[in-house]
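Worksheet: one structure, shown below.
Chain IDs A, B, C, D and E follow the sequence of writing; residue 1 opens each chain.
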Amino acid sequence: MKHRSRAEKTGLPPGSLVHVGERQVDEIALSLIDYNPERINTRELATVAEASACLRSDSLSWLNIVGLHNTRLLEEIGATFGIHPLVLEDILNTDQRPKVEVFDDFLFVVVKMMRPPSEGSDEIDVEQVSMIVSERFLITFQERPGDVFDSVRERLNAGKGRLRTAGADYLAHTLLDGIVDHYFLVLDHLAGQMDSIEETVLEQKDPQVSHRIHRLKHDLILVRKAVWPLRDMIGILLRDEPPPIKEDTLPFLRDLYEHTVHVVDTLDTYREMVSGLLEIHFSLVNYRMSEVMKVLTVIATIFIPLTFVAGIYGMNFAHMPELEWQWAYPAVLAVMLGIAGGLLAYFRVKRWI
Amino acid sequence: MKHRSRAEKTGLPPGSLVHVGERQVDEIALSLIDYNPERINTRELATVAEASACLRSDSLSWLNIVGLHNTRLLEEIGATFGIHPLVLEDILNTDQRPKVEVFDDFLFVVVKMMRPPSEGSDEIDVEQVSMIVSERFLITFQERPGDVFDSVRERLNAGKGRLRTAGADYLAHTLLDGIVDHYFLVLDHLAGQMDSIEETVLEQKDPQVSHRIHRLKHDLILVRKAVWPLRDMIGILLRDEPPPIKEDTLPFLRDLYEHTVHVVDTLDTYREMVSGLLEIHFSLVNYRMSEVMKVLTVIATIFIPLTFVAGIYGMNFAHMPELEWQWAYPAVLAVMLGIAGGLLAYFRVKRWI
Amino acid sequence: MKHRSRAEKTGLPPGSLVHVGERQVDEIALSLIDYNPERINTRELATVAEASACLRSDSLSWLNIVGLHNTRLLEEIGATFGIHPLVLEDILNTDQRPKVEVFDDFLFVVVKMMRPPSEGSDEIDVEQVSMIVSERFLITFQERPGDVFDSVRERLNAGKGRLRTAGADYLAHTLLDGIVDHYFLVLDHLAGQMDSIEETVLEQKDPQVSHRIHRLKHDLILVRKAVWPLRDMIGILLRDEPPPIKEDTLPFLRDLYEHTVHVVDTLDTYREMVSGLLEIHFSLVNYRMSEVMKVLTVIATIFIPLTFVAGIYGMNFAHMPELEWQWAYPAVLAVMLGIAGGLLAYFRVKRWI
Amino acid sequence: MKHRSRAEKTGLPPGSLVHVGERQVDEIALSLIDYNPERINTRELATVAEASACLRSDSLSWLNIVGLHNTRLLEEIGATFGIHPLVLEDILNTDQRPKVEVFDDFLFVVVKMMRPPSEGSDEIDVEQVSMIVSERFLITFQERPGDVFDSVRERLNAGKGRLRTAGADYLAHTLLDGIVDHYFLVLDHLAGQMDSIEETVLEQKDPQVSHRIHRLKHDLILVRKAVWPLRDMIGILLRDEPPPIKEDTLPFLRDLYEHTVHVVDTLDTYREMVSGLLEIHFSLVNYRMSEVMKVLTVIATIFIPLTFVAGIYGMNFAHMPELEWQWAYPAVLAVMLGIAGGLLAYFRVKRWI
Amino acid sequence: MKHRSRAEKTGLPPGSLVHVGERQVDEIALSLIDYNPERINTRELATVAEASACLRSDSLSWLNIVGLHNTRLLEEIGATFGIHPLVLEDILNTDQRPKVEVFDDFLFVVVKMMRPPSEGSDEIDVEQVSMIVSERFLITFQERPGDVFDSVRERLNAGKGRLRTAGADYLAHTLLDGIVDHYFLVLDHLAGQMDSIEETVLEQKDPQVSHRIHRLKHDLILVRKAVWPLRDMIGILLRDEPPPIKEDTLPFLRDLYEHTVHVVDTLDTYREMVSGLLEIHFSLVNYRMSEVMKVLTVIATIFIPLTFVAGIYGMNFAHMPELEWQWAYPAVLAVMLGIAGGLLAYFRVKRWI
């Protein structure tokens, strides 16, 4: 999850089309699925003009655009489908907060599509998806190829269920549902991380565990930032029922709303747990240090005085009468034993050993 | 309290019946209690068809279904009792947030049944219970055999009190009441844990106390997550009085509401106290370490210089005039005593000893 | 403040009378104060029947019941005064959240009476008081003899002020006012504890100070839990003005409301300060430990190398030419002084000494 | 900021006049400023009767009363100006939460006047000021002589601006404005404290810095507690425009409201920063301790083994062949150097030195 | 970001013009841009009278005033353009909370203009900008030369887009938009700081990292304090649509609102992350210290007993039979090896090495 800078836009008038984000694809790809209950037609488009042709048909069109760096092409799309320049600007700016905006003849929706890290990476994969939902067409904008909508496409092709017969609003719901379903996959990934960190912390196995906790916390903050506005967003759709949303779709949206609440709830639970993990790690490191200190103190406190006594009788003074006594050596050893025993008893009383 | 993954549902259309959770029972068991003020009739059913027969009678039917893995059977139940596929989907998904949903002719309720850990375990036992509450029947769905409803069954059989004469809404309230009553048992269990941990912390008896605090915190977070939505849920029933709820039942629901608020309040109090416990543990470990350090420092600081003096006169230089002096040895001993006394006085002034 | 378990009630139907709490008195005592502006009559009752007699008079009756373990007697009272079984159940259950419930012909109020610890104890004394406030009588239920109402009784007997002339609602207000007045005594007690702990912390006098902070925090949490709902409760009375509450009493209730807000505010301030105390204690212990470590390090770092040098020349090798040199001994002493001086200078630069 | 106990009031009926707080002045002083656009008349009064005379005039009267211990005199004032006993009680009780109360013919306002510590003290000076604002007069009650209103008196005398021509509500606003202006002085004082503490913390100069942080935190909590309710209070005046408030005064009150919000905002910012300071202090002490430990460990770890080697060859066994070898001494020195070098290399690798 | 004191204003009547803040420019500069769709005219003014002349024209005038210390000139402006003295007072006081105030014929807006630190400084550059937005003119007040509006001036001159044709409300929006755009630059700067600190923390490279975290936290608090009220402010404009705001401008304001929410959201995310950084730093320092302690303890615990044994046989008693034994020396060496081995094994079991 990298930081995207919208700094390059500073000073431009509102509505200026500048792509904020990395260019992640060579060519912008336009693919169109055109369907009605009877037939379905999938194809790749070469020009925007082709898309506008489909617009006139009585079927429902889903135009999926992958790649955002070609601002000229997007302007053309804007002109063809009558999209406000401020909306186009938002589509191009991938550092956007998820939101829904209601216009006279379409809804504009921005969400974050997330997938757990793919093999070999450890970054959660985040991509901004924008949608224009109108009565007769749905346009989706993605940053790069690959999305979570394959199962939707399959269901469209299979032609079973409501999908082929319902309107663009239901299609939009299905896509959002697919995105939210993948949030659960991300939650699973995060839960897995958390469990593994928890084990590491409790068994004090890994010195790098703070780094891992930090990273997980970071991910949780960013995922929450992406999911949280979604809740309000769907709440607005439910409350206001703006034009393209039909009443039939409401129970499904309500279901989606519940899922989003569930995701946010779970994220909050995770955050609380992760905070607890750092505390517990800290407490365990500290406890352990205090144990180490006790061992050092017990050993040092016993032997330092004894070594001193030995040092006394190691001095080379000419006149040290004790040195000549017959039983001096065993007596000194006995004194040493006494000192050691006394200190051990003291430590035992203090419950250090 | 294990994590349940709804990941396996990703990509399926809404309303797809997939059992999320472990299969915890071999055969799905259907048991029916059919009663009116005059008579009561309890039996196990073999097929869904038998249940539908009862539906036509003028008595009140409570159908209890244990086991959720047989999706075909549940589809049959859905068809018989006219349950929306989205509801069936929620029943099967045991990773559900407690909620109430109002439909035209029934209420759909999801709650978490909790029991304190049984003998030999230390996991709070959580099970999802779903209810379909209609005017003439109540269907409950459980994950596995064993529940907290035995006292309700006894009271039904005994036939005393309102239970036999009141409607399905009162039966549903009684079941919820039984569930909330068991939350108090769980609270007692958690309070017991907390008291035992508190004692351990204050007396610094157990190195594993951080683990135990962590575990308790974890349990409190999860129990709260399960109880919290219940409050809103009953609040909705009280405010909207949806069809199957009769006015007579409202004071009882209000009572239940108070209990839920009490549980949540108590959980919050516990969480605050548990957070305090970790801090206090930490502070005590630290205090103790500082005491240990003081002992080490006092002993080392006194004896290290003395040992050095002894070392000086242990050197074998040919020309060390002091060594020959008559009173050198006692003089050195006196100097050592002076150093030790001085340092002790210094530590006394610093209030280290 | 002990934890009371309502676990024993699990599985009983709502409205079952079970006393939750310790039996704290041998016999239930019923005392009745019967008054109107002209005369006042105080006596102890032997049976509930006597109480019901008074009910028919045109004077105002305050029936005070001490002891809750005799459920049969309480059922009799319930029957005599027409109290709903759910209310009786709440009266018996001393693990109750403060609340007010509005019934057709009476108000039901539950509050916590608190007093600072008595001589020789260090537990805040908490007792649940329930009130039934009707147009013509007031019934109070206490757990054990002794309450904060003596000044109210005196004022009733003295017959001055509004008390004798106003209704049961004003009497109820006066009792609540007496209870809230005692909250200020409890606040004073807690403030005294806090000041004494603060002094101990800042002067680092007492190793047990963490225990005391923990205990104070605990008390603050529990007192707040008992006072907090009172605020909403009086707010409800002010907003809804339910029947027995007359308009004349409202300014007094408003006053009471302000007091409760003040108590809660002060408790919150205390909690913040107590949290700060643990942090400051912790910080001071840590600071002190770092000072101790510096002393140890300075002493050890200076003498350990010197002792090593002395050790070198204490070796008994046959061929150690230095040992024979004339000025070797003073030279070694000089070297040692140099090392010590260098290290001292280093520590001075590092600002350790 | 001392704690004031209202404990002495326990058990008294509402409306009992008891002065809570220290007696801070010998004699109660009554001073009256009587003015209309044409003339102004300032004098000290000996009796309350004199004040009541002025009441009948058509000019505006500001009666300022300093000292609250003479409850009899205050009763007289209450009787003369028709003030409710509950209000008088609140005036006498200096442990009051800032508030506004709307009565039929006057407003009752309680605020806390604050001034930064005077020379030689380090306590913020807090004094409760109560105001009775009516159409034709304003009464202010203070605890002791000296206030922040001198500039108001000067402006009154100068007779410029709105002050002489506007009503009692504008005078009240002006006094409140004077009080809030002094809050900014208190903020400046606190900011000064914070800057000085910050410097001390960052340079680790003063062992007593925890005490100072604690004290500042304490002051911030208490100032906030005094200012916070003011915001709501002025909000109520703005929203309800109770009788003595005229529409002309509203923009000025709105201005005052903004100032109060600004004070509360700033206090919150300060609190956050102060919390950060303790953390940073703690972190720095800890960092420093770890540095000290490293020095100790490096020195001890290098010399303890060397000293042991020297100890070996200081033993007096008869049969220690090495002692006789020609090159034993230089060889041992070389070994020692090797050990020291090896350890230094190890520490360098670990980046401890 | 320095603290500005409004203390010097204490005691002055409301509406007194006093400049709070540093005098940052020698001469007040007035520059006027006068435009309509056909032509544009930019010039520097010498007197306020010139400005008032322009007022009578039918073109739109943007008067930009740089420097606030000349209160007389500002009074003149106030008189010319009919600005309320309380507004002038707010303009002069640069310690102002961002706000919008609606007057009959103009809007008064206060915002904070922020820029990332310029080369060689590390202070975020904050300057208060006040705006008077009326139907026919816009006046902006700045503290010192240099602003973020150059791109707006260019666009005005270029004459493309809505800017030349729309009203003063759109010009005001454009200026606010320029300011908010620069907030993103400040966010980028803060994000850069955070990333660099994060790296430093995780690699434990820099002892001064606590200082840097403290500073960043400080900056985040202050930036948030400046941005937060902006959100409410634009919300008020959107909700109330006060006179100079035309409906055409609303979508642009909505866009601006979204940006502000985004800035606040991001700041909150940053603050959470920075808090985490200090914790992680702390935890790493502690972990490291515990590692250092282990090394010290292992070395000291092994060698201190050995040195003691060597010390024993270094004593000079006449009667120490062991000294004469043939194999005493190797035996002692073997015992020492045994002790060392035993301790090493013990440490291995304890997992310290």
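Everything below uses one rule, namely that a contact is a pair of C-beta atoms (placed from the backbone, for glycine too) under 8 Å apart; a residue touches a chain by one contact, two chains touch by 3 or more.
Because the structure is a prediction, the values reported are computed rather than measured.
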Check your understanding: Suppose you hop from chain B to any chain it touches, then on again the same way; how many hops at least until you reach chain D?
Key -> 2
Exercise for review: Pick same or different for copies chain D and chain E, depending on whether their interface residues overlap by over half.
Suggested key: different
Practice item. Averaged over CA atoms, how far is the centre of chain A from the centre of chain E? Could you give it in whole Å? Key: 26
Check your understanding: Using CA atom averages as chain centres, what separation in Å is found between chain C and chain E?
Key -> 42
Study note, to complete from the structure: chain B to chain E, mean C-alpha position gap in Å, rounds to 42
Study note, to complete from the structure: Two or more other chains are touched by the chain A residues 282, 286, 289, 293, 296, 300, 304, 307, 311, 314-316, 320
Revision key, fill the gap. ring walk start=chain A dir=chain E returns A, E, D, C, B
Check your understanding: Touching chain C in the complex: which residues of chain D?
Key -> 3, 5-7, 9-14, 84, 86, 96-97, 99, 207, 210-211, 213-214, 217-218, 221-222, 225, 278, 281-282, 285-286, 288-289, 292-293, 295-296, 299-300, 303-304, 306-307, 310-311, 313-316, 320, 322-329, 332-333
Check your understanding: For chain D, which residues count as touching chain E in their complex?
Key -> 148, 150-151, 155, 161, 163, 174, 177-178, 181-182, 184-185, 188, 191, 195, 202, 251-252, 255, 258, 261-262, 265, 269, 272-273, 276-277, 279-280, 282-284, 286-287, 289-291, 293-294, 296-297, 300-301, 304-305, 307-308, 311-312, 314-320, 352
